[in-house]
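Both complexes shown next keep chain A, but they swap its partner, so chain B is in the first and chain C is in the second.
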Partner chain A sequence: MKRILGVALGILTAIGGFVDIGDLVTNAVVGSRFGMSLVWVVAVGVVGICLFANMSGRVAAASGRATFEVIRERLGPRAGLANLSASFLINLMTVTAEIGGVALALQLASSVHYLLWIPVAALAVWLVVWRVKFSIMENVTGLLGLTLIVFAVALFLLKPDWGNLAGQALAPAVPDEETASSYWYYAIALFGAAMTPYEVFFFSSGAVEEGWSIKDLIQSRINVLVGFPLGGVLSVAIAGCAAVVLLPAGIAVTSLSQVILPVAEGAGKLGLAFVLIGLVAATFGAALETTLSSGYTLAQFFGWSWGKFRRPAQAARFHLSMIITLLIGIAVLSTGVDPVLITEYSVVFSAIALPLTYLPILIVANDPQYMGKHVNGRPVNVLAMIYLVIILAASLAAIPLMIVTGAGS
Partner chain B sequence: MKLVPVPPIAGRTLDAQLHLLDRQALDNDGVPVTTVDDLELSGPEPGTEIPEGTPAPVITALLTGPVLGTRIFGGRPPSSRLIRIPWKDVADVGVVIKLGVSGDSLDADWVERWIRDKIIARIPGGRHDPR
Partner chain C sequence: METRPGNTRTSKRTLLLAVCFAGTAFLTGCGGVTDTVSTAVEDSASAIATARLALGQESAGKLTTAAAATALEDSLRELQTSRDSVVRLSPSTPEDRQVRQEALAVLEGCTAGLNTARDSVAGNDGAPSAEDGKQALDEAAGRLSELKTKVGAQ
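Showing the complex of A and B:
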């Protein structure tokens, strides 16, 4: 019974934890401009994150080594440092976007300007990172994030023309008023949002934090293979709501209030209450994950003591680096730069950096010295190689497309 | 010219590049100390004539700290600036390098100790055990 509960809890947490500000904004933007015609990208991204999250979890459980230790060992100090710089900067951008997202969500709930919420949000993130137990942190934010299911509920209540939606999803075509290059630009953004590298840093470090052994792998596999696809369904529901309400009205999403507009229309005040809780929980949970990831990457590259399972004093540099990360995030946001804009850029830059994270994991997952008999099987390797090609193509195409489309505008 | 065959070696063969450099070092409590940033070898200085019969160089210490910069950007730090973990403190070499001593006794951990004592431990809850 306890086991079943554990599995259920893990799955629910994975669903709630899947969606972050990047998924929220990108899916809503895509839905409002391209309808359901990019749903296939979410599917591709979800399979990819399942594949690599599972692999990095297995590496962590079999060898006790988290992702960035492995990246440095395999790439050496030079390429490792280049990788660290890129990953850390993108992660910093994501931290900033998530904290901005928490503040914007609180603004929607309270009508108090978001700039006033930013220090509050950042302080709250720090307090949790500083004090709260890892498993409690994960479960509470994940479960509260589940309230985002209201997007799916709202989609039903809006009584859309299901045949039309399915048609858009199954026979994707570029809408008349959009160009092919902006279609592909948003395809990459959506892919980057689904596969953000921090999820892998966080997942593998979390496996070490919770002291996973090979025996716990089955549970983690169920969490990932059931939870992430359901999280993907949530993403599609967000896009669906935007496609039903905003696309016909000609509203292209540029703010968080437009993201939740369809929920208000479909599910009324109660739906709005749920979606606000969900927004705060999802962005807050992701802010925690990205803040921790910034500490994890630095500590693992330089070999510092790290982990929330230790007293802060026993992981001093780890905790200091997270405090500095949060302060930088506050400083950037206090210039008044639009968090939604940061989010849109952060998902594309995530897509650019994807090969840096996923290639070393794939190499180590095949190394018997680390993995013993738990090395990748052949089907996993074939699939991973296919994904590596997709990831590389997305990464190489991102910057040219960003220039051609003027960042999608 | 015929090369003398490599003499048989007792015990395990370690590849410095593969098994030592950039590996995580843990102290005797399993707490991470540092990543191995470089190695220090005994024996003849590079570039000098090596007389016959000179014993082969041995690893004298694992190095850490700013020496990492020299591996990335080149150059050689003065010997007095190196932060060493003596090779005799190494207990085991596996996927991680285990040291037989406590991290608190090592020079390599001074930055960690400084940040702990001056900043982190002074913030309320800094010594709170999360478990």
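Showing the complex of A and C:
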């Protein structure tokens, strides 16, 4: 019984923890401009993140060490540094976007300007990272993030033309008002949002934090293979709400306040209460994960003592690097730069950096020295190779499309 | 004198960078007065539509005052960004100057309408009513629609 509850809790937190500011904003932007015609990208992204998160969880369980630590050792400092540079910079952008997201969500609830909420949000992130147990932190934010299911509920309450929505999703086409280059630019952004590198590093480091061993592999596989796809359904519901309410009204999403309007339209103030809790939980949870991921990647590269399972004094540089990350995030946001804009850029830059993140994981997951008999099977490798081609194509096309479309505007 | 391979590689890199830079400058720089005004009008229309939806939901009791006020504030910011992009234009022909002037007049009217709507949500003493706010936004949407047709026809 305890095991079943553990599995259920793992799945629920995986669903609730799947959506972050990148998914919220990108799916709403895409829904409001392209309807459901980019849903296929969410499906491709979800399969990809399942594939590589599962692989990196297996690396952690089989070797007893986090993926980044093994990459540094297996591929040497130069390849490790390339991986670190790309991952850390994207992570820094994502931390900034998530803290901005928490502040924007709190503004929606209170009407107090988001700039005043930024130090509060960052302080709360630091306190939780410093004081709260890993499992409590993960479960509470993941479960509260589940309230974002209200997007799916609102979509039903809006009584859309399901045939039309399904038609847009199953026979994707570029809308008349949009260009093909914008369509592909947002396809890459959506792919980057679903496959954000920090999720994989957090997942494998979390496995070490929670002391996973080979016998925990089944539970981790269920969490990933059931939780992440259901999280993907939430992403589709966000796009669906925007496609039903915002697209016909001629509203192209540029702010978080627009993302919640379809929920209010369908589910009223009760729905609004749920969505606000969900927004704060999802962005706060992701802010914790990205802050920790910054500490994890730096500490694992430089060989510092790391982990929340250690007292802060025993992992001082790990905690100091997270504090510095948060301070940089605060400094960037204090300039008044729009957090939604940072989010839009962070998901595209994620896509650009994907090969540097996922190729090393694939190499390590095929090394019997670390993996023993748990190396990748042939079907996993074939699928991973297909994904590497997709990832490389997305990475190479991202900057030219960004220039041609004026960052999708 | 024979060119060293290192120098050849460096000059190729420089050439590639120059081509990339020129391409970027060309792609980001292209688009005249009509294009900029057209984009500004579309973005402003989206901002006004957001404000109308938020105001309607607040009046219907579906949206809290805090969320409606934030949505209106964000719409106002979007509108000001669009207006700034038109202000920065330096038209060289009388026709372009005329387009810019008309666009600025409409966008300023929209800003005034959005301010009325925002004040109506704030609900302070002497503030306009929700009906006044709705009417101001309807007028702004109408003016933007006319401008959109006019700019689109050019």
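What we mean here is this: the second predicted complex is superposed on the first by the 407 of 409 C-alpha atoms of A that agree within 3 Å, B and C clash if a C-alpha of one lies under 4 Å from a C-alpha of the other, contacts with A are read in each partner's own complex, and residues count from 1 in each chain.
Just so it is clear, contacts are C-beta pairs under 8 Å (C-beta built on N, C-alpha and C of every residue); 3 or more make two chains touch, one makes a residue touch a chain.
The shown structure was predicted, so the numbers you read here are calculated from the model rather than taken from an experiment.
K.L.:
Both complexes share chain A, so when I overlay them there, do chain B and chain C fit or clash?
P.N.:
Superposition result for chain B and chain C: fit.
K.L.:
Looking at chain A, does chain B or chain C touch a larger number of its residues?
P.N.:
Partner with more touched residues of chain A: B.
K.L.:
With both complexes overlaid on chain A, does A:Ser409 touch chain B (first), chain C (second), both or neither?
P.N.:
second
K.L.:
Which partner does A:Gly278 contact after superposing on A: first (chain B), second (chain C), both, neither?
P.N.:
Neither chain B nor chain C is touched by A:Gly278.
K.L.:
Now for A:Gly142: first (chain B), second (chain C), both, or neither, which partner does it touch?
P.N.:
neither
K.L.:
In the superposed arrangement, which partner chain does A:Ile251 touch: chain B (first), chain C (second), both, or neither?
P.N.:
Touch partner of A:Ile251: chain C, not chain B.
K.L.:
In the superposed model, how near does chain B get to chain C, counting Cα atoms only, in Å?
P.N.:
Closest C-alpha pair between chain B and chain C: 19 Å.
K.L.:
Residue numbers of chain C touching chain A in their complex, please.
P.N.:
Listed in rising order, the residues are 23-24, 27-28, 39, 42-43, 45-46, 49-50, 52-54, 57, 61-67, 69-71, 73-74, 77-78.
K.L.:
How about chain A: which of its residues touch chain B in the complex?
P.N.:
Contacts found on chain A: 63-65, 69, 72-73, 76-78, 80-81, 130-134, 299, 301-306, 308-314, 316-317, 319-320, 369-370.
K.L.:
Considering the complex alone, what residue numbers of chain B touch chain A?
P.N.:
21-25, 31-37, 64, 68, 71-72, 95-96, 103, 111-113, 115-116, 119-121, 123, 125-131
K.L.:
What residues on chain A touch chain C, complex-wise?
P.N.:
Residues of chain A touching chain C: 107-111, 245, 249-252, 254-255, 257-258, 260-261, 264-265, 268-269, 272, 276, 403-404, 406, 409.
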